[in-house]
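Quick heads-up: structures coming right below.
You will see subunit A twice below: alongside subunit B first, and alongside subunit C after that.
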Partner chain A sequence: MLEYSWDWSAAVDGLPLLIEGLAVSFVLALTVMTVSLPVSLIVAGARLSTIAPIRFSAYAYTEMLRTLPLLVLLTWFFFVPGLSFGVNLEPFVIAVVAFVLTTSAFLAEVVRGSIQSIDPGQREAAVAAGMTSWQAARRVVLPQALRRALPLIGAVWISLLKDTSLVSVVAVHDLMFEARVLAVTVYRPIEVLTFAALIYFVVTYPQGRLLEWVFQRVRVSE
Partner chain B sequence: MGLSARPGVGVTAARAAPEPVIVATGVRKAFGKVEVLRGVDLTVSRGEVVVLMGPSGSGKSTFLRCVNRLIAPDGGRIVVSGVDMTDNATDLPRARRTIGFVAQHFNLYPHMSVLGNVMEAPRIVLGQSAADARTTAERLLARVGLADKHDARPRELSGGQQQRVAIARALAMGPVVMLLDEPTSALDPELTGEVLDVMQELARDGMTMIVVSHEIHFAARVAHRLVMLTDGQVIEEGTPKEIMREPRDERTRRFLSRLMSWETDLSS
Partner chain C sequence: MDLESFLRVFLPFLLGGAALTIVISAAASVIGIGLGLLVAAGRLSGRALISAPSALFVDFFRSTPFFVHLVWFFFALPILTGLSLDAITTGIAALGVYSAAYFAEVFRTGILAIPVGQRDAALAAGMTDRQAVRRIVLPQAVRMVLPPMVNTLVVLVKDSSLFSVLGVAELMYRAGAASQFSSRPLVIMTVTGLIYIALTYPTTVLGSVLQRQVAKAT
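Let's look at the complex of A and B:
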């Protein structure tokens, strides 16, 4: 029988390094979300446009990017620009671009769904009162739609924070990357990776609870 | 002073010299293969209250939405206070400022307070200051009997109260005409009275109105003219008395007797 003697000291000693990696993960997720939200609003708006070419472009954007695996996209941006055009992108930039593409496509669908869930009478009332389409969207439809989309946006945020662990394969020094480096240098992969998993949990779980609490509040005040 | 958002407007004009405010001629609209409006002609004079009746599916709501062009008609012409609503060059948002619209399901903005609902369009569309918009809104809410509900959310109000807010919201833009699409048909019976009272007061103040409604007593008491729309055409029009006593068209007779028989059933 395999007798494994656990030793957490290396993992604990490596904590500062892992925290540094966590900070990178966090900044990455935050950057991706900050860029993806406005992009997704524009794409969702385009998908609901009355102008066919605009609508179709947005459809192509969301459908293509939602069907491409993120890992494929990441490695593609890692190798292809450098090898075929001689453009070497910073790993962090590659990660942001790949994540923004998929996240914004997904969020665009979330936003479009919630816009379409708002009673058409709302827009009608606003337009009948003399508002332009844009004013009706900004003042009446979007505030309601985004409130409805909020729980899903929160879920996207949580899974984004965890999914950033993928970027370790393109040499972004995130939590997962640091954990893998630490694991092989101290030769304690089980302890270090378990420790990293624990950090992900400790960071994301309270956020999930916090978001849920916020959504309850928002729903009540609607 | 009356319900109008513009002090002094409309109190007198009712019948003096008929000045057409809404002129609709040959209005046509089809949804796919279904012809909903098949050449509707209707002229409404300043201060006139027209009640539009007809079986469901007869095109009443569609016609009303053509007047402020929430729906674009396929043919015909609609002119509202001199502005051609069927001309594609018309600045529709601007034209709609003077056409108040109240829908069956109120459609209050649920994310705003009652006061916010009434202030919204004057602020956003007309660029009124918060103070001005608030003064008007408070006055109108008082007129519809909801002075104590400023800070309530729409969902906290009864249907009748919500519809009265919707009327105040439309009046806040200082409209020249009001279009009301079955304003009481989503309400519980005991709540229709409070909305009809507000509408009657509005009529008394000289507001030009087209009301799609099956409230026969309201029509008898308030309407200057009753217009029967059936299968996308005006089949009969006249004073409520004329039409209710002696409907000329068989379809009108059948429609009214059905409405009346229900009414008598209830009162007996």
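Let's look at the complex of A and C:
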């Protein structure tokens, strides 16, 4: 073990910059979530479709995007539109597109699982009471399914928030980007990165605890 | 880039990277599973002096991105230990420690999911404490734990793509290099994506098969 003299002053001075980065991470994650939710409803609907080609396409979509590393998608959208088609996308747009693809795939699986967990009798009763199939889905099945999906959607949100750290690779100025730049400009990488890790922890951990609490409540009420 | 140069140059180049991805993931998962078992046992311990730090370990790593820790290990390990480590070793250490937090949760929830009555019944039937754990509790725990373990492994393989940032010539790194070198990123990146799917998809399928078997058995 070497003697290392810690010096936190540079990290503390850089705090406003890191917070700015955190704001970018948050805006990115919120944008991705807002776009992904409706997309995932459509994909989940498609996976439950009775028409085989639609069902299969949705299956391919979720399985492919859930197994691909995010970095592959980010790099794909970083290189391909520019080098192959001459379209230069903003880093933020690249990040949103890549993240929406994976996030919507994960959310679609969550939504599908929740819809399938609702007793078919609910739908049958609604139809027997005179609702159309569409009304039964919208008024009876979906509200219950989404309620059941809520904690899992929260879990997807938390991992999304952590995963946004990858966008620093395509030059989006998020928390991780600012931390990496600061680390090498002030020559205090250990302190700055520890600080960044702590910021992520302070932001994510309480949300995780809140989620656990919601999980318990949903479970009890059933 | 014509088909021949793709098949003779680029594809072997990428597949070489995939081999390294497998080696990295295997090494990191050995550390992750081993350390994860220790941490899970620590969290289940009755002594607060052991269980509190284990819980902190799990919560801390699970609430922070792997990328931060990867870069942290890269900078901090040589400075703090005085050893000059290469990027692969540093990366494997980081991924091993990080995934240990996830593995630990998988093991802990698996063990907690087994009703206490199972152990009590085994003891009542005349088994020793050790026999009860080995013959009754562990076999059931392993069955419970396998499906989420497989999921954690898939995440680990995906996370290993971040090693490219440290300059480790695994699949992702080579994909970036080949994209620029060939100026045909569409082909290179798409093939890379397919290689990753080929690496992880069979594992996901195994995971859901195991999940169904557990559901059937319980």
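By our rule, the second predicted complex is superposed on the first by the 209 of 222 C-alpha atoms of A that agree within 3 Å, B and C clash if a C-alpha of one lies under 4 Å from a C-alpha of the other, contacts with A are read in each partner's own complex, and residues count from 1 in each chain.
By definition in this document, a residue touches a chain if its C-beta (ideal position, glycine included) is under 8 Å from a C-beta of that chain, and two chains touch if they have at least 3 such contacts.
Bear in mind that the values here come from a model prediction, so they are computed numbers and not experimental data.
Trainee: Give one word, clash or fit, describing how subunit B and subunit C relate on subunit A after superposing.
Mentor: Pair status: fit.
Trainee: Taking the superposition as given, does A:T75 touch the first partner, subunit B, the second, subunit C, both, or neither?
Mentor: second
Trainee: Which angle, to the nearest 10 degrees, do you get at the Cα centre of subunit A between the Cα centres of subunit B and subunit C?
Mentor: For this superposition the angle at subunit A equals 100 degrees.
Trainee: Looking at A:F56, would you say it contacts subunit B, subunit C, both, or neither? Reply first, second, both or neither.
Mentor: So A:F56 meets neither subunit B nor subunit C here.
Trainee: With both complexes overlaid on chain A, does A:L193 touch subunit B (first), subunit C (second), both or neither?
Mentor: So A:L193 only meets subunit C here.
Trainee: On the A-aligned overlay, A:R139 touches which partner chain: subunit B = first, subunit C = second, or both, or neither?
Mentor: Touch partner of A:R139: subunit B, not subunit C.
Trainee: Subunit B or subunit C: which reaches more residues on subunit A?
Mentor: So, of the two partners, C touches more residues of subunit A.
Trainee: Once chain A of both complexes is superposed, is A:W6 in touch with subunit B (first), subunit C (second), both, or neither?
Mentor: In the superposition, A:W6 contacts neither subunit B nor subunit C.
Trainee: Determine, under the contact definition given at the top, whether A:A128 touches first (subunit B), second (subunit C), both, or neither.
Mentor: The answer is first: A:A128 touches subunit B but not subunit C.
Trainee: Report, in whole Å, the shortest distance between any C-alpha atom of subunit B and any C-alpha atom of subunit C after the two complexes are superposed.
Mentor: It comes out at 24 Å between the closest C-alpha atoms.
Trainee: Quick one: in the complex, what on subunit A touches subunit C?
Mentor: 1-2, 4, 63-64, 66-73, 75-76, 79-80, 83-84, 162-163, 165-166, 168-169, 176, 179-180, 183, 189-190, 193-194, 196-197, 200-201, 204-205, 208
Trainee: Which subunit A residues qualify as touching subunit B in the complex?
Mentor: 119, 121-122, 124-132, 135, 139-140, 143-144, 147, 222
Trainee: Touching subunit A in the complex: which residues of subunit B?
Mentor: 68, 70, 93-94, 96-97, 99, 101, 103, 105, 107-111, 120-121, 124-126, 153, 155, 166, 169-170, 173
Trainee: Can you list the subunit C residues touching subunit A in their complex?
Mentor: Touch list, subunit C to subunit A: 59-60, 62-69, 71-72, 75-76, 79-82, 154, 157-159, 161-162, 164-165, 172, 175-176, 179-180, 183-186, 189-190, 192-193, 196-197, 200-201, 204.
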